[in-house]
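Here's a structure for you.
Residue numbering begins at 1 within each chain, and the chains themselves are lettered A, B, C and D in the order written.
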Amino acid sequence: MSNAASTAPELVVQTWFNTDRPLLLSALRGRVVVLAAFQVLCPNSIAHGIPQARRIFETFAPDDVAVVGLHATFEHHDAYGTALLNAFLHEYRLKFPVALDRANPAGPIPHTMERYKMRGTPSLVLIDRRGLIRKHTFGAAEDLALGAEIGALIQEPPAESHARISVA
Amino acid sequence: MSNAASTAPELVVQTWFNTDRPLLLSALRGRVVVLAAFQVLCPNSIAHGIPQARRIFETFAPDDVAVVGLHATFEHHDAYGTALLNAFLHEYRLKFPVALDRANPAGPIPHTMERYKMRGTPSLVLIDRRGLIRKHTFGAAEDLALGAEIGALIQEPPAESHARISVA
Amino acid sequence: MSNAASTAPELVVQTWFNTDRPLLLSALRGRVVVLAAFQVLCPNSIAHGIPQARRIFETFAPDDVAVVGLHATFEHHDAYGTALLNAFLHEYRLKFPVALDRANPAGPIPHTMERYKMRGTPSLVLIDRRGLIRKHTFGAAEDLALGAEIGALIQEPPAESHARISVA
Amino acid sequence: MSNAASTAPELVVQTWFNTDRPLLLSALRGRVVVLAAFQVLCPNSIAHGIPQARRIFETFAPDDVAVVGLHATFEHHDAYGTALLNAFLHEYRLKFPVALDRANPAGPIPHTMERYKMRGTPSLVLIDRRGLIRKHTFGAAEDLALGAEIGALIQEPPAESHARISVA
């Protein structure tokens, strides 16, 4: 995992699904966050990214790991909308919060994709308990290596403890 | 395969994709027709039905077997439209003709699904060279048995030859 | 399928399994025969060849299609024996007759492999109802195309009928 | 992972493969050890256990994780021997050390299986840097959860450091 970790920027969201109110990454500090970017019509997202995000959601305790989905695309904008995402989440039985990236009128790349400099879908971002980006992959990731990285991040102390130890 | 075969009814179509003009089953007489019904957000269609339809399209000679896709659904009607289907066919690289079933204002079941009494997706209908329905399955079908049935239908004489033999 | 079909030679067998007495291909005339050559330690045989042979055995009626296994190898001869084959057939729950190819003291290639000029495992030989070799593949074969070929061979008349029709 | 961890007993071995000299678990202290028990004729070992052991071997740094294979069986003893294991390791391209469990003349269960109270194959034992058994599973294990457990064990301090910290 990279050493020069930067703080994960907040998502810029058009619509949230599977959550009562907008979700802030800053409110998830203390937990490892897995941000899983996908696209409903991307074959690799459907075959690999989405099932892996669901496995992560089902494998780890919610107090340790929060899974957040992001529907992110720089094409087919007219094909995607709230009705489609609702139907998709229903059919694929996804229970974790999912954000629909906010389109940018100035160009094809929506705001969150641009902030994270995503190359496409599926993309996966690992954010540690302190809110730092520790890994950012494009394409299918191996479960074993990904599990090891999440398992290692879970072992790290959250921000406050870490600070206290550093001070001491 | 069933003995009491009935003639396959024509599709009732809102929009055709991957074809310059509307396609009639009657114009495909002489070929075995595989009608593959799917739904973009149906996990089993995406995991099994669509890849199998593509394998059929790539395995058999077009003069022997015509593959026709049908987007058929009795739910999520507001999620589906021309832009979505176009994007889907592009992303999944499907080259065979696909029909978007025509919605029925009187109820959730669109016209072609109703005519064929389809139970859902994926569904697969095998139509012989004479236009008779020889098999109709719901759910994932095994490649080996399906291949054998298509292979057997290919061996059957087309309508005219058959007629001539019968007369003689 | 090839046109210049030759008669399938009889197997040269060290030991038969899953059958009370030695099996002759000539005694299977009238049925399509699928000869599936495998090796217990060949990863592709275990991952593809053996499961496919079992699917063929389970898909087709025994009066139409006979499946015959052949353990064939030009290496690791000292690793294979009756005890191993018995254990293998038990663990993989194979019910069709299997022949252990007879070693040739003059070289590494056993007799049946040599007669059939097999290149390795998995290999698959399709023999029609009259005993003619109609297909011979090395490596994994696709279920759909293979099913179509078997389905077509089943439609062909057996030797006697064929003779009668020819005479008439 | 279990809390009441006990020290992993040494393997009782008839023959070692892929190593110049007998391997002692005590000599692997400081590394996480994955002991992967399999059987050449066990379908689940071949489909799941062996590929997973190889993925573990290829994913983690050898200084962090040592993979040790164990051929363990309470049946088919006459089918297994050195020639078979050599051929198997060659065909499946396994590079990590593998032990052939030593048969017990007094019964069907070989010595190492008995020491570890293994229920069959595939079995997987996770041993931490201090030599303690932290997990023992029978059957296919999920890569994601297994990766997380190995990733967490890698984060733990080895014996000496731990002792020093405890003393301080």
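Please note the rule applied: a residue touches a chain if its C-beta (ideal position, glycine included) is under 8 Å from a C-beta of that chain, and two chains touch if they have at least 3 such contacts.
Because the structure is a prediction, the values reported are computed rather than measured.
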Homomeric contact chain A-chain D: same or different residue positions, threshold half: same
Centroid spacing, where centroids are CA-atom means, of chain A and chain C in whole angstrom: 51
Between chain C and chain D, the Cα-mean centres are separated in Å by 38
Residues of chain D touching 2+ other chains? none
Using the contact definition from the top, classify how the chains connect: line, ring, star, complete or other. ring
Which chains touch? The pairs are A-B, A-D, B-C, C-D
In their complex, what parts of chain B are in touch with chain A? 40-43, 46-47, 75-76, 78-81, 83-84, 86-88, 91-92
List the residues on chain C that touch chain B in their complex, please. 52, 55-56, 59-60, 142-152, 154-155
